[in-house]
Amino acid sequence: MDITTQINSFLKKDFPQVTSIVEDIGPQSARVRHQLGEGDLRPGGTVSGPVMFAVADLALYVAILGEIGLVPLAVTTNLNINFLNKPSADKDLIGECRLIKVGKALIIGDVFIYSEGQEQPVAHATGTYAIPPKRENSA
Amino acid sequence: MDITTQINSFLKKDFPQVTSIVEDIGPQSARVRHQLGEGDLRPGGTVSGPVMFAVADLALYVAILGEIGLVPLAVTTNLNINFLNKPSADKDLIGECRLIKVGKALIIGDVFIYSEGQEQPVAHATGTYAIPPKRENSA
Amino acid sequence: MDITTQINSFLKKDFPQVTSIVEDIGPQSARVRHQLGEGDLRPGGTVSGPVMFAVADLALYVAILGEIGLVPLAVTTNLNINFLNKPSADKDLIGECRLIKVGKALIIGDVFIYSEGQEQPVAHATGTYAIPPKRENSA
Amino acid sequence: MDITTQINSFLKKDFPQVTSIVEDIGPQSARVRHQLGEGDLRPGGTVSGPVMFAVADLALYVAILGEIGLVPLAVTTNLNINFLNKPSADKDLIGECRLIKVGKALIIGDVFIYSEGQEQPVAHATGTYAIPPKRENSA
């Protein structure tokens, strides 16, 4: 089972509310896809901010899982998001993450979010995850 | 109808997916309450990041509506959130916003989020909204 | 020697380039003052962004020193700053920091910066410091 | 006179305190170089945070000048910076900016900062500039 499939299975089991899927896990990178549902939209045919936050946070989380293994206890400590352009109400959101620092205690990455097929990103985020220290006796 | 009631009515009509309620609108400030639902939780009894983002963004939005009137087109341009402490799975989230700059084009505020009844905040956010220019003929 | 004096001495010795002074260290808080020099100004009589960054970063650092002792190795990992109003070229900058999370590994605080005597802040920052782990044999 | 030379001349005249130089202005991008001086260093042979902030802010500013022309009144409204790795005390800092949104009122970009010749970035920043509206009679 490749790493992308493994992470999708892990998400399905541990995060059943997450409906996005992981499309690709690369070296210090990940791509996720989110199909918009009725509840994701806002009046005027735009996508709600929390949905874009969720895509950014997930893309970062799965890029980290791809890098350090299935560590469920990694937690977001900081996320800074800029909303750039109005997303399409009828295209999937694509989140592309690249890790920019992989430390022992902190991992930092950035994410561009696109409406599928469009060149200009709809949002950009930078986020930090804290990685729990390894237990001595599990080494 | 006081301003808090007006804003709750406006949200109910224009943002039917939003389940949080506005408890208070003060001078350049607002307090919102979010009752946690099943879908808001994560394994281990914590609250998902996007739910906290949503509370922060809403608290900021309604503080702005209280300041400049019911302007539906205000949009978030930037939001920076720090996750501080694990929220309770069985307490409401309370978001307390204070505006720190009310400009013509940009309004900036910060939000502390609490699990109700606990002293330490669970998250802190700072965000910016862009305010659409007034149309000449509506003056 | 009180803690404020101790920290000013420590800064003078270890950070000789820093010209700001610590005015007060309180519980999880600090106030610093920066007298503007010729090199801090920009055309149009405004203060350069890096100077305001420096004041925010210092206020956070000394609030942390006040809380956990003189730990020179604490380092900034993230700082988010919003510029709110044009500072005065002829007033001192005052930075007021409050810590909002004191963890073992990460400490987070926010800072309001004022031109002395003015009510509206000129900038607001939120920052995170990483605290080096205590060595076992020093316990 | 090419655009890079023009911008260097403009900086020299209007921002005489800035000692960094612009190496390249490309399409929605810029590269700047900062030679470290004595005052830029911190004990332990590291570079002060405000110096890295200054490099990030400058790289973003000149990328914007390259895009919209020499508009001195553009001002930073938000800058979020993550410090990633310890910079070298004896290498120049290189700041590489890419604009990610060029709007009429707001321009957003990100900047990677490197110690010259090293692969891992020492810092990453995302920032927003507000662009003053064009005056009607100057069109």
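Going by the order they are written in, the chains are A, B, C and D; count residues from 1 in each one.
Please note the rule applied: contacts are C-beta pairs under 8 Å (C-beta built on N, C-alpha and C of every residue); 3 or more make two chains touch, one makes a residue touch a chain.
Note that the structure is a prediction, hence the values are computed from the model and not measured.
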Thinking of A-D, which of A-C, C-D or B-C forms a repeat of its interface, with over half the contact pairs identical? B-C
Set B-D beside A-B; more C-beta pairs touch across A-B
Per the centroid of Cα atoms for each chain, what is the distance between subunit B and subunit D, given in Å? 33
Whole-Å distance, subunit B centre to subunit C centre, using C-alpha means? 28
Approximate Å spacing (C-alpha centroids) for the pair subunit A, subunit B: 23
Multi-partner residues in subunit D (2 or more other chains touched) are 77-78, 80, 82, 128
Within their complex, state which residues of subunit B touch subunit D. 77-78, 80, 105-106, 128, 130
In the complex, subunit C residues that touch subunit B: 80, 82, 84-85, 100-101, 108, 110, 112, 120-121, 124, 126, 128
Mind listing the subunit D positions that touch subunit C in their complex? 14-15, 17, 39, 42-43, 48-51, 53-54, 57, 72, 75-83
